[in-house]
Amino acid sequence: MANRKRKISSKIAWSTPDRICVRGLDLPNEILGHMNLGDLAFLQLTGRKPTLEEGRVFNAIVITLVEHGITPSALAARMTYMGAPEALQAAVAAGLCGLGTVFVGSMEGASKMLYEALPRDKLGSRQDLDKLADETVEAFAARRAIVPGLGHPVHKPVDPRTPRLFQIAAENGLSGEYVELIKKIQTAAEKRSGKMLPINATGTIGAICCEFGFSWKIVRGFGVMARAIGLVGHILEESENPIAYEIWQRAEEESLETSGPRAD
Amino acid sequence: MANRKRKISSKIAWSTPDRICVRGLDLPNEILGHMNLGDLAFLQLTGRKPTLEEGRVFNAIVITLVEHGITPSALAARMTYMGAPEALQAAVAAGLCGLGTVFVGSMEGASKMLYEALPRDKLGSRQDLDKLADETVEAFAARRAIVPGLGHPVHKPVDPRTPRLFQIAAENGLSGEYVELIKKIQTAAEKRSGKMLPINATGTIGAICCEFGFSWKIVRGFGVMARAIGLVGHILEESENPIAYEIWQRAEEESLETSGPRAD
Amino acid sequence: MANRKRKISSKIAWSTPDRICVRGLDLPNEILGHMNLGDLAFLQLTGRKPTLEEGRVFNAIVITLVEHGITPSALAARMTYMGAPEALQAAVAAGLCGLGTVFVGSMEGASKMLYEALPRDKLGSRQDLDKLADETVEAFAARRAIVPGLGHPVHKPVDPRTPRLFQIAAENGLSGEYVELIKKIQTAAEKRSGKMLPINATGTIGAICCEFGFSWKIVRGFGVMARAIGLVGHILEESENPIAYEIWQRAEEESLETSGPRAD
Amino acid sequence: MANRKRKISSKIAWSTPDRICVRGLDLPNEILGHMNLGDLAFLQLTGRKPTLEEGRVFNAIVITLVEHGITPSALAARMTYMGAPEALQAAVAAGLCGLGTVFVGSMEGASKMLYEALPRDKLGSRQDLDKLADETVEAFAARRAIVPGLGHPVHKPVDPRTPRLFQIAAENGLSGEYVELIKKIQTAAEKRSGKMLPINATGTIGAICCEFGFSWKIVRGFGVMARAIGLVGHILEESENPIAYEIWQRAEEESLETSGPRAD
């Protein structure tokens, strides 16, 4: 094996016969009974316990992402469960595989946009947010790209999650220049396009993630871990009141109308 | 499409332009800011809000399952992330795929064993738990099967999570005949085998899940959703301090020593 | 790292700067241009090149498993692709996750049943196949289990793949006691049940896999690798003529009829 | 359900009680026994049977992608199998999830680069390939991007698959301007960088895929379907000669040296 350049190391957890530590805290005595699941997720990701205020906001963010009804992701999980009910974990995995650029991308896109417009080391230096908002909207328009985090097919003129999440963030000291900036970007985008472009939940969460200082690269991970919870719920419901079989049968039947022997 | 026998329905969530409901509760106004992530998971799975006590125990159970260090599951996720860093969700999915009979199976196995020994409709009818425990251990021995939820390669003579979880369950009114029964099963199994067989974390959680009344079929799902949180943490660490490449290189190199041209 | 009990080794492939070997054959010079994909799959799994006859039969088996139209597996892959078109591999993975006990299980079930009735070391010893068939059917009936590999919801009275696969196997010297036995099991099962129970494609393939001597544990793998090819085809079609969005919209809409605010 | 805009349709396969058709061909009578697995994959993807020549080249391409030894993808599959041996399909799925931009991306990158330099409608119009090659290399250099399909960490100065694949393509009439162009791009890139930059297997395959006229978006799919075959082989070997447990134990142990209680 000889000398290798890199050491295999991980700072997340370790255990001995009588101790188990996660991120430096003793699991039985300092975590169990003292923290809720959202706070533990924050600890797992950042290496430190959230303050009471951070915990409230972080729990709210992740909870928002748990459940969105009969989504493509839920359908993929249910279809998978029908074929392999003995492997529930594979059904959840299948449901997660589609959480890519189309459905959760706007969340990381919003964070990235905000960090690019206003890098963290410029915070507190009295940047002209109106100007940054205008420039951002212009830049997206110039390359004919959609401004991430704005607009919703159903929730108009207001996404009902947005004002509530902003309120929770504000009440807990996590509403600063990034929240302000995305609101100004909305105003600029609506003015430029003449269309109603509500800040949607992913835009809201993307902005609050910037307030926390999370890397935009991990923001998608919040959606992934939240949706895993949601998918277990869908699989449980599918086991009690299945719909995948019916959806499959209808799709197969209808596809044969146009593609089967009668269509030859 | 004609008449179909089944209707496509789901009771989990719905939305209108200005409302979003999960399990009958208004997401912005009744959930966000009022519940933590573990409580929301309970709601998602059972259709009702946990009591304060249930919430405490359920959060503790799921938190216990989030993180176990450098596991095969974490390694699968990290290997996947190395090849497709743009698809974080697929790395989490890969890590979940292995949560099958070997690593989380004992949790559902323990629940199933306890329900079979003591069906819920027999609770409160003064069953002789010592006798049920002896019979259960005998039945497993007769078919040369391992009693699920007992024994641990590292945590001896006591799994440190077990007394703490039982304490939390007891303090919150969720320690009844199933918890008592698994303790008696441990005693019977140790007496029969002459070996130290601590109740491990999965056995403990399996028993507490029976106290809740959860179907043993969904118990694996708690491990799956918890581990999704843990895996996002591992991927974040991998992105900052990668180990997958080194592990891969060592394994490939060593495999060539015996299988490569020198071995021809 | 000290002494470890096991060495990391793999006999499948190795390479040096100017050579690449798979299963002991030189990839550029002995494989490329000399073997087809099915033969290479046989080599990958068994460590030896198939004979011409084995190659014909093995190609036919795997080809049979590639494509079954709009299946739950295809729908899971298409749903996943809709959300993450940039991660085609994750869409294929999602589609594979459901190839479990329900849809491919009967193939390994048939192989296992045949091996249990007639272990390979009893081949050629003039076993009474009629008797073995009757006993097998009785044993399944006694535990109220379905005989794997028999019956089909659509293909009656004959699964059109079955006679053709048996013909190819016979023409290539791979039709022996296992093929005979499954035919006798069919007869016995039909007599016992009074129902039409054609040997389906998975039963046929299960029997031919026994003729090859493949472990029943790997038989599912043939379905998995074949379906990966099929799923790439479905994703390509989905990219050109999408149906996942429409299926999703219909399912979501219909589920709101019974579960949405009007149903409150 | 009312009128919907889109019809659910698929042209890939259909069946009736006595017929099964894939891409318009009768599976039992026109495919089984008449085509090999690589030809069937071509049919599944393009909707037509390959010519003899196309079949030879396509089989060679896909075979090249099946097996690369102990890769991160193989390790992810083996780690997953260790935890869920009952769900072989999930282990293959986990192994596929990492076939993203890092390991198969160069294949689609090469195809995309070639199509952008020389769109298909410009073929046969006597383009100056030397000039196109220089411009392409300059363009990549200008944005500090690596030219896809060139260079290999092990296979120097020649990737042994490359000349053989080009030979097979040439012998079968599939070596035209795209193959010529990538060779000129190699020359230009080596001249510009002063480094040895062999055309690697993915560059070679990317160029030949252009000769076929395949969309660059589906090229990754060839790697995915090929690797599914390879992964089944790895799982079979893992079931007989396991290495995942040892790799896991070593990694966990070493990570504790720096992160465990001794490091506190």
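The chains carry the letters A, B, C and D, assigned in the order they are written, with residues numbered from 1 in each.
We take it that a contact is a pair of C-beta atoms (placed from the backbone, for glycine too) under 8 Å apart; a residue touches a chain by one contact, two chains touch by 3 or more.
What you see is a predicted model; the values in this text were computed from it and never measured.
Look at the CA centroids: the one farthest from the centroid of chain B belongs to D.
By number of C-beta pairs in contact, B-D leads when A-D and B-D are compared.
Note: centroid distance chain A to chain D, computed from Cα atoms, is 31 Å. Measuring from the averaged C-alpha position of chain A to that of chain B gives a distance of 23 Å.
Put simply, the C-alpha centre of chain B and that of chain D have 37 angstrom between them. Touching two or more other chains at once are residues 1, 8-12, 14, 16, 19, 69-70, 84, 86-87, 89-90, 93-94, 97-100, 243, 247, 250-251, 254-255 of chain B. By the touch criterion given at the top, residues 7-12, 14, 16, 19, 21, 24, 84, 86-87, 89-90, 93-94, 97, 250-251, 254-261, 264 of chain B touch chain C in their complex.
Considering their complex, residues 1, 4-6, 8-20, 22, 27-29, 31-33, 35-41, 44-45, 55-56, 59-60, 62-64, 66-70, 87-90, 92-94, 96-100, 104, 154-156, 158, 160-161, 163-165, 167-168, 215, 217-218, 220-222, 224-226, 228-237, 239, 241, 243, 245-247, 249-250, 253-254 of chain B touch chain A.
Taken in their complex, chain B has these residues touching chain D: 1, 69-73, 75-77, 79-87, 90-91, 93-95, 97-103, 243-244, 247-248, 251-252, 255.
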